[in-house]
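Both of the next two complexes hold chain A, though its partner changes from chain B to chain C.
Moving on to the complex of A and B:
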């Protein structure tokens, strides 16, 4: 009885975002104008592919938000990585190495975020706000303020809708998203590090009292998140086939929104990978559906804005009942 | 002709849940009088102030200002009706200027625009009256010294035409010079007919500045009188009273070899380095007033506050406290005085809170076994009698006593050898208190060691083997508990001079 109760509560905890996702999908599949195109496999594949980049960043952002932080530099970090990959390929670096350069650059920016937050004792909002500008500026500098064209390589096949070895079924990017979601979910729920991240976000003073090296946890959290943003940058390059320093402007807010819609709390200590993925897909299906309907861009923006507010309100209400 | 008192309280009672904090308190303050309210921590002084200010409503009883019934709807209303409270932690907006702070909420204005000239005139007059014309109205308050900030607070009260001024521990963070100047101001205000309620632990200051006194104990008025006719001794006797001795279960235990020794421990928040030794099977009580440096000592010892000097040896392992993980690894365990803010992550569940300081037993090849963790938590819930539905219950839903047991269970679970307990019985019910006393005794009997900080003297005397006293940021004295009495502890805590065990039995 007890166990069933707690299990039910867990399901109820995720129900909010899931209901939202199902609602969005149901509404569009009932629209006569798009019903036949919306729910077919090709469209779902394309939505999933479009979600890869936001999802990768949102996985890291979930970790950061769980630990009580925020990262405004995520999208700039992604752009820097994207530009560096193109730059490296142009220099004749093998594609795999170029991709690693992008990921490492992301990790470095993330590490710097964590280092500055813990050393200077500044709030994450300020440090990452600064880093948002720095990373974006670096990206533009490297690219000399224009797009970097790069010769095509196998890197550009990571995000195609019909993958080369057809037994993959979906693009390698989607597989990467699935793989890292699993890794992050396990990291968050099944390791001491994950538990420490929750503890730091829930009450940093308590964590310190219990011997958690809070600074080390924070630096790791930002570094991991940075690595994922770097990987997202590689995916962005793969999709665009160029290094564009102005890519993903303002995407950090979409990323944060996905985490929050999925049940993450900006005051820390709460959030889940599954919830975040649902949040990502709610936004992706909504964009996709609106575009298919031919609704203007501003309409999507209004709906997504309303959903963010509604999601957090519902979350509050659920907590009050607990 | 009997003059009308400026303020009078009759039969004021207040309880929080089952705790009766104020019990039919009668009190009178005349115009042009300084009256001290005295009492131990928890005697009900702060509650009385909050009722006066309007922050709390009394359950029973009435209040009158100059014969007119005073029933404030809130602190703002209380202030409007002439009662200004100057709290221990000053309530100024640090970024605003002296002028803005003084006039906040009572700005002179014309057509919605602040009339600065009029404001400045008013402030200049007030500051001159307070003998502090050198305080510039245009500088931000954060640039002022603590003493000057207090003057600004008083100026604010005066600018609002307060007739009754309540000062809560006004000298606790003042230098001697600032204290002297504050007393001049108080005398001047008294001459102007302002009634002043003065709350302080420093009895010698009270003897110097107050005209009359009221002593509270356990929420009751136990003594009132003229300051001229009393002495420090009598006031102490009144404050501690003759309590029915409570039952402190004592398990037999014998001090063994030294388990902890600290030398020259000092953080920035302590005044002098502390040297101390603790034996296995020993309970060391730590007494002192709030803010005397007891908590700061424990925090420094545990590595929560950065050390300036000092070394700690626990069971032969020598280290300089910095990482709490190292302290815990060496066998120290700390219970924070503030459960809600620091001690527990109240939004996390019981199992996580209980096991956070030692997750190792539940890890195999890198993965945390949540089931095992919950099972372990369940067994602790049973072992120390925590009233909870399941290990997954969120900690904030537990009662105070049960929360404290979770925090204590954490130390037991991490297999601490030396328990640093900061006010472990604060704010919990009597049953849980008795269980915590018993637990301490059992720890000592098991050859562990306990440092037990408390503001409640009977429990220190009842539970501890030795008692150390802190005063104004330094350790004054350590002696076997049997050679202390409540009176001598109180005296040492208040005056910082070593208590003399001989006078203990005397009656004034």
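Moving on to the complex of A and C:
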């Protein structure tokens, strides 16, 4: 465990991703075609809104990766929640309750992940790979292989670019993202549970010998992450106004990439909420900038790929010199 | 931070910058060659996906319109095919960019409503193409008249059957709007205009793949060996029906009229195994959508609904240049 006295090193670790984010923003704001548009407040708001869904999932993924696990089912979990919200609303359930159904479904899938990982003693990769198919299949089943149209409600106002009560300044979704980032940062850094998550990720055996109930920690970690994916599903429904079982196909890789770019280590024991958010924003600004420039999709895929490799390379270099 | 890391990070990010700047420079080079003296309008054209042939032809049409009318075209689809959420993001990003107009083929008649409303509210006109959008908060809807396509197919099948016979109508998929219109046009024309033609099957769905259409047609052929003609409403169901007929040794004997084209279907048309293919004109769709948008921007009146036409290709007319260009759109000239 390397937590105490790591403040300086943490700052050094964060510098990498931050430099990346600043570079991306600087480059696009220097582009003559879009310079006046890119750093426009409206555009920044729009990028932030687009980031909410990936960010919520990535917060949970950070916790999982810190504890030495991985969750491939995050995006399918999100889709299931998105479909269930639409389904519930069509049944006449009030929107708030429908949203809770979505979040609860996410939590259930997360709990199942943790439960199976600890009880069956299987590696997280396999369990969540299976769950990826199960959750996606369930979503398609509930939606009968189509999208579900649902009547508009206040739920669909959560992700608008210009919020209804204008004193909110940005969409409620962004405020939720900020709120949960703070909650997760405190949880990860300031609580016993957070320390235990780091301990399990750094060295599970030692942690268990020191009296950490590793199984309980793991189940909690996956459940919390599942709840956040469920919430992201509600946000996705809000944005789409329909329940779409094929939404977020492959998004789990973007989520994992955000954590990794932000300094999370796939071998566990490392990662930070701030870093993850920076990772999310690097990708969101890149996507936004590339679209504004009218660059083809393959171009931005190549750039993001390069950034992932670059970020991890830097991370490894930093480790070697410790 | 240690000097070595600094060095490495500097190198890596320098490389990325160089990459981006080169790309930008290339782009600027492109623009200079097409730009005219006056102000060039910037128009975003957003398809449902970027890899299908159909969308490449639409792209070519849009680029052609851009070249002729002096409009700069931004072609950008959702990063993953058929991803509603990503298409919303793309529309939003172009609103931020403040392009002069947007042409959109909505992946969802409902989910794309809000981004389109937002664009219109911010004074960016939107033309919808290919698939409909709920409501009518857009400038114009440019698409194939699918019902008319079904009518054409019915007349062609009746023609090759001599106005009488027993046929299958193979449907595509429940809830697919464009093909439902084609089936409806076909069905209504047959029942209204050709009393000598009997529909043995009219409520069976082929499903999304060639394989499922193949199986359905096989089963139907076993059950109704007396069939004389088949209509299938899209490319995959036409090809599936064709494969089943070939398998039963009935290709050419049972008359087949289909929709859309592909290399295999063109071959079958050449061999007289298919008697007609109703063809859309995606290049014209891309071209007209951009043109209508520009008309609106420059203050000329435009029609709310624009039909891009359907043409029947037959073994007899398939070598005429105007039909050839629909069977195999020559988009290589405009897009790579």
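Assume the second predicted complex is superposed on the first by the 313 of 322 C-alpha atoms of A that agree within 3 Å, B and C clash if a C-alpha of one lies under 4 Å from a C-alpha of the other, contacts with A are read in each partner's own complex, and residues count from 1 in each chain.
One rule holds in what follows: contacts are C-beta pairs under 8 Å (C-beta built on N, C-alpha and C of every residue); 3 or more make two chains touch, one makes a residue touch a chain.
Here the structure is a predicted model, which is why all the values come from computation and not from measurement.
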For the three-chain model obtained by superposing on chain A, do chain B and chain C clash or fit?
fit
Kindly classify A:92 by the partners it touches after superposition: chain B alone (first), chain C alone (second), both, or neither?
neither
Which partner does A:202 contact after superposing on A: first (chain B), second (chain C), both, neither?
first
Given the touch rule stated above, what does A:40 touch, chain B (first), chain C (second), both, or neither?
second
Is A:147 in contact with chain B, with chain C, with both, or with neither (first, second, both, neither)?
second
For A:165, using the defined touch cut-off, is the partner it touches chain B, chain C, both, or neither? Pick first, second, both or neither.
neither
Tell me which partner A:240 touches in the superposition: chain B (first), chain C (second), both or neither.
second
Looking at chain A, does chain B or chain C touch a larger number of its residues?
C
Have a look at where A:213 lands relative to chain B and chain C in the superposition and call it first, second, both or neither.
first
When the two structures are overlaid on chain A, which partner does A:307 contact: first (chain B), second (chain C), both, or neither?
second
Which value in Å is the smallest Cα separation between chain B and chain C when the structures are fitted on chain A?
17
Can you list the residues of chain A that touch chain B in one structure and chain C in the other?
none
Which positions of chain C touch chain A when the two form their complex?
1-2, 4-5, 8-9, 12-13, 15-17, 19-20, 23-24, 27, 44, 50, 74-77, 79-80, 82-85, 88-90, 92-98, 108, 110-111, 113-114, 118, 175
List the residues on chain A that touch chain C in their complex, please.
12, 15-16, 19-20, 23, 27, 31, 34, 37, 40, 42-43, 46, 49-50, 53, 146-147, 149, 156, 160-161, 236, 239-242, 244, 246-250, 287-288, 291-297, 299-301, 303, 306-307, 310, 313-314, 317-318, 321
Contacting residues of chain A [partner chain B, same complex]
2, 6, 186, 189-192, 194-195, 198-199, 202-203, 205-213, 269-270, 322
Within their complex, chain B touches chain A through residues 304, 323-325, 327-329, 334, 336, 341-348, 352-353, 356-357, 359, 363, 366-368, 370, 389-390, 392, 394, 397, 410
